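In what follows, chain A forms one complex with chain B and a second complex with chain C.
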Partner chain A sequence: MEFGPYLMLATLEGAVTAAVLSLTAVGLSLVFGVMRVVNVAHGEFFMLGAILAWWVTSLIGGHPALGFGVAILCVPVLVGVVAVATDVLILKKINYDPERTIVATIGILYIIQQITLMSYGPDARPIEAPFNTRLALPWIEFSGGQPQLYWPWGLSTTTYKIGVIAAASVVLTGVWLVMVRTRLGLVMRATQLDREMAMAFGIPVERVYALVFGFGAALAALAAVLIVPIQQAHYLMGGDPLLLAFIVVIIGGLGSLPGTVFAAILIGVSDGIISVFFSPTLAKILATLLVALVLVFKPNGLFGARRA
Partner chain B sequence: MTKSNKTPAKSTRRAALKTLALGAGGVAAASSLPLWARFASAQSAEPIRVGFQVHRTGIGAAYGRWYDRTTTAAVELINEGGGINGRPVEIIAEDDGTDPKRGAEVIEKFATQHNCDIGFGTLFSHVVIGSAPRAGELKLPYFVVSEGHHVASGMLNRYTLQPGITDVKSQVQAMAPFVADKLGKKVTMIFPDFAFGHDHRDYFTAAIEAQGGQVLEHIAIPPTETSFTKYFPKIPRDTEVIYHVMVGPAVLTFVKELGEFFGPQRPEMFGFIDSLEAVDIGSPGLEFLEGTYFWEGNPRYAQADQSSYDKFFRERVNVDGNGASLSDPKDVSTYAHMFGCWETLHVVKAGMEASGYQGSMDRGKLIEAVEDMTNMPHSNAHPQGAKIFNGKTHQVFGHQYITKVTNGKLLLAHTTSIEDTMYPDEVDYTAQPL
Partner chain C sequence: MSDLRKSLCLHVGLLAILFVLQFILPAYHHGNLARIMVLAAYAVGYNILFGYTGLLSLGHALFFATGMYGMGLLINQFGAQPASALIGGLFAGALISFFLGLIALRTEGVAFMIVTLMFAQAGYLLILYFGAYTRGDEGFVIQQAERMLWNINLSNPTIRYFAALFVFSISMLATLRLVHTPFGRVLIAIRENEERAQMLGYDVFRHKLAAVVLSGTIAAMSGAAYGLLFGYVGASFASVQYSIFPLLWVLLGGAGTVLGPFVGTLFMFYLIDLSSGITSAYMLIAGITLVLLTLFAPQGLVGELRRRVFRWLP
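Moving on, here comes the complex of A and B:
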């Protein structure tokens, strides 16, 4: 494949990764930003979203779009409820103590993973995409000084992949609007800035915490529902998104929404391009190296505010 | 996660006398006897314990599920026929998580904790390579069902044998002439990046070059990968044939994305059925496979000239004519590989009977008895086809099948001879001490 079309394909693939990754990472970042909880179980909420999406679609049957539509509406809510329960039953009991929450969320990770293994089983199961048409993409070539369109071999994407990118953009805009324009967002930001002052002003901080934890998990679940028609649901699928989400959140700055989205696009697209041109291993190595550099030179992340 | 096939011992003396009186008629009634009575003629009524290293979890889980079902069915059949040397066979199954490190631990448990007579059943090559050295040290006969060339290459030891399934080197050697003659000489290979895939890379490249062809590009993909489109632009434009073999939980995604990448302009395709084991070939997105070819260890769909042995095997493992479970048509089997468990257990039975196997002190004799085997005729014990065992390299050789996707089914297009799959010995394990 020539360089131009090759680069375009890599960018498209990277954009899908970036879309899903930014949803997952924003969830993680929100939980850390507001609650100061490093949620190691975040990847398992992602996985749970995919598994439940499979369960809902296979329960409903009929046209693939019907099951998928129901799944995308109710699965994030279901996972959110599970997360709220986890928050109230576990994290609250240990007073959100930073060290203990890490250990607790590691425990939650294994519990969710093993319960899935015991019930859903070890197989990867597919969900049919609600719509999926292959789109061949054109490329411009100059012959005799005149630009000409042609259709390179293999340069294509699918309508569903474009749909994923669009859906993620819409949801992220929505999250941003909620944070900036609504009372709910105001309350969250207030809690993030100063927990005790927020309490003094009568903000029910514990309820905000439960809500934020549920919301973060729901975003991860939504990302998973979007990706299952491309990748299948599997009980071990939470590992990679967790690692990448942490990388993204560290680079973008923990708790910074625009930073997280920027870093997700950076990591997602560069992962796509580097994997295509060199190797997927090199892409992971470079991402990890970038994390190390950010931690050394800009410990609060590219967009992170300095904390006292 | 230990499973035992023992029937609960609830017989009272009165019930036993009644059954014995009823069953005194003859051999035909033998199966109605309780287990202890059926095996009473043996010197020891202790069961023969087969340590079954099974991929219940991890990337090999789909294979593990069917290896488990096939093994259970084979043991049932062997026990119905009176067991081995008058003793019942008991399966001690232990999950290895498709992980080499855990594999070695499981072997150790079989030998020291469960008192198993043999270890058996491993498929994934990295688990075999991780476990075999421990089996050799513990002198536990280790019967693998793995396809890897590691047994015959001399990399392992005298205690590791592969008598029930052919190895990748012989498979690809037999495929290369078909690929070169029928499909094209410029090949791009896509394979999983671990020992099994490397066998494909090394031996197919050599085999196709021997046919005057060449491999334009080798594309290695980690078996845990979940998205594949990013690898495909490496496929050179002048590729005539795509040679694909993939394993792991995401095989369906792999094949689907391959189809989406090419669209209507696909080159010829030759795949190892591993890319679609346990996957329904009618899954949405796989329509582009129509007219492509697959290697199959054993054809998934019952063919027009189905042998009575294949019919018998299908019945016993509860698989229908489309290679899916009788109880759930969506649960597609790993039909091209799982016969290996069945055949291996029958080889173990034959070996134990030939050596008069009594207990762990006879393990060496068992190895020697299996090494002495050569011809294995097509039969209920060998439903995939006739085989020739090479005692020196511990590897069996057999027919290979090439099927073509026709109207959404895999129909037999070519069967290789056993001679097509043979290559010169690379090791003589019989020279190693027992």
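Moving on, here comes the complex of A and C:
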């Protein structure tokens, strides 16, 4: 393949990563922005989403689309309920103290991981995509000054990957609309801005916290359900999304939803492109150093207006 | 007895008990305790930055690994003597922590956490990238013949135990001394209220930088000693996990207490060791314990003791 089609393929793969990453990161960003706590177990909620998706689809059987449809509706709710329970039983009791929350969520991480290992086992298991047609993609070539479409060998994607990107965009738009247009979003933003003042205005801050924690976990679970048909479900799969989502949230700027999405696309796509053209390890070294330097010179992230 | 005398008695007493234990303990726990003491030195180093200065770093594995690889590569690639290799590792740790401090201290709070995490991650990946020299994930073994310090065989369990005790004592006594010096008190002032410390005329940045270098150098010392005493240098010691461990140990034992890091390391080590003897689900037990501790002993084990019984604990 020539350079152009190659670049397009890398961008497409990166876009899928970015779509899933932005969902996970927006979940983390909500929790982080509104509650001011670092949820180290966020990646485990992601993993739990993938595992439950496998469980639901294998329970239902039949046409892959049927199981997948049920999974995508139920799993985020289930994981959200688990997260709300965690919040009420543990985080609320320690008063959302930042340092204690880190330790407690590390504990939760261990618990979720071990329970999954004991019940689901150490295997990586795939689930079938609901629809999966190969799409060959055209590329424009100039031969003798005339633009001409042709189909380079190997330049293709699947309908499912396009579907993932579309679904993520729809959900993200939905989240944004909820945050900006509804009373619920208003309440969340008020809590994020000033917890005490929100309380003084009669906002049930603790219920908002529980809700946000559950909602954030549900978004991570949704991202996981979308990715399982491409990447298998495994009990250790939560580590990378956590780290990446974390970076994305910080780079995008704390509590800035558009910033988070922008950073997710930036990191997802550039990761796809860089690792196609350079050695993956070198790419990661450059990316991590870049992230560190962005933070050094713009400590509030690219879009963060206020100090955290 | 004055508080100072009491705390001196307590800490010297602990070292004396550790000294005596070497003659009593069965071989298995003897080996464990040697490991715990070296790792506790790492936690002590971490505690200077986190517990006393109030800076939460998620990248201390970088310093630990710098010490370890500085030492290991000097022996493995350049055939250096253990003594000079140890000093080399220590020096590398000081240098790296100085430069990281210069860059990372421009940020604060969560950004500081991420910047340190990113640099540690870059360090980990660099170790993998230069796999030709570092042997990547697999790591390399430091042969028994290379572990002779002035004709003393460091792989001998008794010697190893005393060496570990020595490393731990230096770091613990250094912190104990630190909290009573003006420098240490400024660090605590920065932790409590940075603006006020600045307004009182202290150069906050230089104090923080010194804390990073001190903390990083102790971590590097512990890393170099760990590699030399147990004869193995591997990339896993540079991974995120090894940045989180000292944080956990310190939080469990009690941040900002001199004894906390040791107690936390001891507790966590034996928690995992004992529970993995009972069931294969040791992580579950570790996780539940962590959650319970945050719920019922938020200031860590030693911190809780200080709050309830011994108010004079440093």
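Here is the rule we use: the second predicted complex is superposed on the first by the 307 of 308 C-alpha atoms of A that agree within 3 Å, B and C clash if a C-alpha of one lies under 4 Å from a C-alpha of the other, contacts with A are read in each partner's own complex, and residues count from 1 in each chain.
Rule of thumb we're sticking to: a residue touches a chain if its C-beta (ideal position, glycine included) is under 8 Å from a C-beta of that chain, and two chains touch if they have at least 3 such contacts.
From a predicted model like this one, the values you see are computed outputs, not experimental measurements.
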Chain B versus chain C as contact partner of A:Ala166, first or second or both or neither: neither
Which superposed partner A:Gln232 touches (first chain B, second chain C, both, neither): first
First (chain B), second (chain C), both or neither touched by A:Ile247: second
Which of chain B and chain C A:Leu73 touches, first, second, both or neither: neither
Most chain A residues touched (candidates chain B, chain C): C
Partner chain(s) touched by A:Ala104 [first = chain B, second = chain C, both, neither]: second
Partner chain in contact with A:Pro299 - chain B first, chain C second, else both or neither: second
Intersection of the chain A residues that touch chain B with those that touch chain C: 117, 281
Contact footprint of chain B on chain A as seen in their complex: 1, 6, 9-10, 13, 17, 117, 121-124, 126, 128, 132, 134, 136, 153-154, 156, 158, 230-232, 234, 236-237, 240, 272, 275-276, 280-281
Residue numbers on chain B that touch chain A, as the complex places them: 56-58, 61-62, 64-65, 222, 225-227, 229-235, 237, 249-250, 252-253, 260-263, 265, 278, 283-285
Contact footprint of chain A on chain C as seen in their complex: 56, 103-104, 106-111, 113-115, 118-119, 121-122, 125-126, 128-129, 240, 244, 247-248, 251-252, 255, 281, 283-284, 286-291, 293-295, 298
Residue ranges of chain A touching chain C (in the complex, touch as defined): 38, 90, 93-94, 97, 99-104, 106-111, 113-115, 117-118, 243, 246-247, 250, 254, 279, 281-282, 284-285, 288-289, 291-292, 295-297, 299-300, 308
